[in-house]
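Below, chain A partners chain B and then partners chain C, in two separate complexes.
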Partner chain A sequence: MGTVKLYLKSMAMLLKSQLEYPASFLMQTLAQLIMEGGEFMAVILIVDRFDHLNQWTPGDLFFFFGVMSVTFYLTECFGRGVTGAFPSMVRMGQLDTLLLRPRGVLTQVLCSAIDPRRITCIAVGAAALVMGSRMSGIQWTFLKGIALAESILLGGMMILGLFLIECVFCVYSVKSVEMVNALTYGGRSACQYPIDVYPRPLRLLFTVVAPFALTQHVPAAYILGKPLYHWPAWTAFVCPLAGGMVFAIMYCLFRRALRFYRSTGS
Partner chain B sequence: MSRVKAYLSAFRMRWKMELQYRGAVIGGVLCQMFFGLILVALYRALYAGKPQARPIEDVVTYVWLQQAFFRMLLSSDGDLMDKIRTGSIAYDLCRPLSLYGYYYARIMAQKLLGSLLRAAPMLLFAALLPRGWGMALPSSFPALLVAALAVGLGLLCVCAIENITMAFTMRTLDSRGMQAMLNLLMMTLSGNILPLTLFPDAWQRVITLLPYAQLLDAPIRLYTGEWALWQAPRVLLTQGAWTIILLALGLMLWRKNQKRLVLQGG
Partner chain C sequence: MSYITVTDLQKTFTVRKKREKGHLTREKTLVQALKGVSFSVERGELVGYIGPNGAGKSTTVKILSGILTPDGGQAEVGGRIPWQQRKEHVRHIGVVFGQRSQLWWDVPIADSYALLKDIYQVPPQQHQKRLNELTEALDLGSLLRTPLRLLSLGQRMRAELCGSLLHSPELLFLDEPTIGLDAVSKLALRDFLQFENRQHGTTILLTTHDMEDIAALCSRVMVLGHGSKLFDGSLADLLSRYDTQRIISLRYDGDCALPPLPAGCESIREGDGYRITYAPQTVPTAQMLSLLQSAGPIRELTAQPQNIDHLIADMYREMDL
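For the complex of A and B:
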């Protein structure tokens, strides 16, 4: 319990410090809004030209886009320590101080940064979600609500897990390895659209290696009432657990990597 | 004559510096290839549902050329901002050269080498992919020549745009928000996020006349033959006109900025 309290407290402090420069903050938040708005506009324009994508209607596509944006940017907002700040911590030797304190290293890394500018991206995603839900005429039930929450939560854990790969590499090589971006940002832009439109190798990659399909698409398709691959309803609740697994595996690797850690000095 | 030599040596210095980061280039290119594959897969799925007037090969070629010359659009001279922040811009002001010309030469070297280093492996990779996935050959040999000429004009144009962006950002010390917004505008309106050929037809009539469409969109359309050879003079003239207008505007802004530039001491 103490950990959660600590996390919330640091988030509040970081937020306050970021708001110290309101003009710059506002400008950057606005830039994020336009960025994500641009991405959404691309989906709208595609829908305008092509009407549909396999069996998916425009509403369905907006819904998929919304689930992905909300999940990804919530993770980037609250997991900024892992998704952005960690490589520089290793390079500058700041990780040393974290190792001295009587708390888990990952907890402290997560507590060290927040990215509130993403709030506008999350808002665009939420708008897409509502729009898609309206257009596709989703009948919301309690179970569907749970499926959505599970998808966002466990999808977020999976994304954190994928970013942890970069952190692990970083401990060994000091330099950040941008190749991992292919999985994280590549996964985000690919899996804005349902997985079954892609050819087999890409489908395998985003189901087995980086299971965006299991955490996002299976529950979203269930909510839309068009189960992916005609899988039964319970899969929508079990598949997202893969996200938790990715996180657990990467967490273990991260712990091992830390044992290898050698400070870069000051 | 000696002044031209000075700009050329500014160009050469920057060129050598860019060559230092070959390792980063390899990682970046691999990522870019992966992104390209995802986009191609997506557009293929969309085309399978509803074929368009222009064949899929054109869109695929469009994607690969955009990915290959991506660095021509998105790279900016970070040094200048640092120099303004720290006050060491004073050294540049002492040079018996136009500040505008000096930075124009630098950004040109950066963009030219950045995109050449990346384009060569990317285009080779894209050419080796099977038909319908990889890049198609140009519609004719003269079309290739005209397209190459158009890329050259596009480069002159984008460097002028970059200098205007810098002129705007020079006025504030923290320019991240402004820069992000202008970059986004460039990525969207130059066809990097979504090929301009897939925008609604009515929009295209306006968008293709804007300066951003002159950078890569116009050369690509000449390459694929969407714009026939007899239209080439009109395209090249549009490009040339924009280049002159943007150069003049940039020069004016820089002159003005130079007069009210504040040197940060320290």
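For the complex of A and C:
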């Protein structure tokens, strides 16, 4: 319980410090809106050219886009410590400070940054989600609600896990290694569309290595009533657990890496 | 059993050089930051830890505070092994890095302190009592609502100290706490550290390059160089080994050439006077004075011991650091 309280308090304080610079905050939030709005426009324009992509109608595609955006940007907003701030924390020696406090390192990393500008991206994603849901005429049930919540939660854990790979490298080399971005940002862009529109190698990548397909597409397809690969309904609830596994594995590696942390300067 | 026991502590870093042109692999060099350091510190001691840059001082502090894992040797602080029981250990220690802030940059320092209370899970009443005590001793009362970024360096150091002592640690590491401070802030800081040490029996380990800090605070000094401990004892003992020279500054009436001095003495022209360095053991002061008087009427003369920084520099030179 103490951890959750600490996280909420930290978030409140970080929000306060961001609002110390209101003009910059507004400008950046606006920039994000334009960026993410543009991305959604691109999807709308592409979808406009076809009546459907495989078995997916435009409404379905908007829904996939919405699920992906909401998940990804919620993670970036609340997990900013892992998804963005960590490399500079290592370089500037802030990690030393965290190690000097009687709390878990990952907890403190998560407590040390928030990115409220993403709220606009989340809003665009939510709008796409609602729009897709209306256009495809989804009949919402309690189970479908659970599936969506699980997909967002565990998808978020998986994304955190992927970003943790970069953190692990960072602890060893004190440098930021951006190659993992291919999986994270690349994964987000690619997996805005359902996995079955892609050729086999990409499908493998986003099912086995960075299982966006399992955390996002399987549940979303279930909610749309067109199960992916005709898998049975229970898969929509079991597959997202892969996201939790990715997180657990990366968390173990992260803890190991800290034993080899070598700090910087004096 | 001592409070801190360190036995044969070793730490090696691998430093990769930048790849040279035409080479595929980068050259690796091993740097032994600590080559088997041993010492022990009793509860309530105030110990100075000195040595030139790169001697391994910070590495020692980082190992003892649980940030780094050593490659060999043992260390125990209050019965805990820092890097194995990190969370339990850091509950009982405070660390101040002179060049690194531990508080939040954009929020009033009072908010930082409130968050630290939650991080260390200090009961509210105890926290308030301690906060009152520290804000009074460090004269922070009027600054509590000011964001850290708006504080001057001296104010910031006081704020950092307060933050690192809020959870009433039994051990305090200070890494160059007076770096860049003005005279008034330095003196205030020293007074406060003495107060904290006496009032609460806090054990303090201080690394610094400022010998005045050591002279004012520490009854015991450890000298570290090239990863080994070179000296452990009182500052007076350390100085008496190297404090062998005296300095005479003098000015003659009118222009007067200096007489030839005995071997081992040095003279520098300073304005219209001279500055002479000699060792009283080889050339007694009386002999030196009569020699100087023989050259002409002396208008002004002062004799003084060598500056403490010079002594330390001599010492480092002699120890080949």
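In this section, the second predicted complex is superposed on the first by the 265 of 266 C-alpha atoms of A that agree within 3 Å, B and C clash if a C-alpha of one lies under 4 Å from a C-alpha of the other, contacts with A are read in each partner's own complex, and residues count from 1 in each chain.
In the analysis below, a residue touches a chain if its C-beta (ideal position, glycine included) is under 8 Å from a C-beta of that chain, and two chains touch if they have at least 3 such contacts.
All values derive from a computational prediction rather than experimental measurement.
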item: Chain C versus chain B on the shared chain A, clash or fit after superposition; value: fit
item: Partner chain in contact with A:182 - chain B first, chain C second, else both or neither; value: first
item: Three-chain overlay, vertex chain A: chain B-chain C angle, C-alpha, nearest 10 degrees; value: 90
item: Partner chain(s) touched by A:3 [first = chain B, second = chain C, both, neither]; value: neither
item: Chain B versus chain C as contact partner of A:141, first or second or both or neither; value: neither
item: Touching partner for A:13 - first (chain B), second (chain C), both, neither; value: second
item: First (chain B), second (chain C), both or neither touched by A:88; value: neither
item: First (chain B), second (chain C), both or neither touched by A:190; value: first
item: Which of chain B and chain C A:103 touches, first, second, both or neither; value: second
item: Greater residue coverage of chain A in the superposed arrangement, chain B or chain C; value: B
item: Partner chain in contact with A:53 - chain B first, chain C second, else both or neither; value: first
item: Chain B versus chain C - smallest C-alpha distance in the overlay, whole Å; value: 11
item: Doubly contacted chain A residues - partners chain C and chain B; value: none
item: Residues of chain B that touch chain A when the two form their complex; value: 24, 27-28, 30-31, 34-35, 37-38, 41-42, 45-46, 49-50, 52, 174, 176-178, 180-181, 184, 187-188, 193-194, 198-200
item: For the chain A and chain B complex, residues of the former touching the latter; value: 21, 24, 26-28, 30-32, 34-35, 38-39, 41-42, 45-46, 48-54, 177-179, 181-182, 186, 189-190, 193, 197-199, 202
item: Of all residues in chain A, those that touch chain C in their complex; value: 2, 5-6, 9-10, 13, 16-18, 20, 93-94, 96-97, 99-104, 108, 259-263, 265-266
item: Contacting residues of chain C [partner chain A, same complex]; value: 13, 53, 57-58, 62, 65-69, 83, 86-88, 90-91, 93, 95, 97, 99-100, 102, 104-107, 111, 114-115, 118-121, 147, 175-176
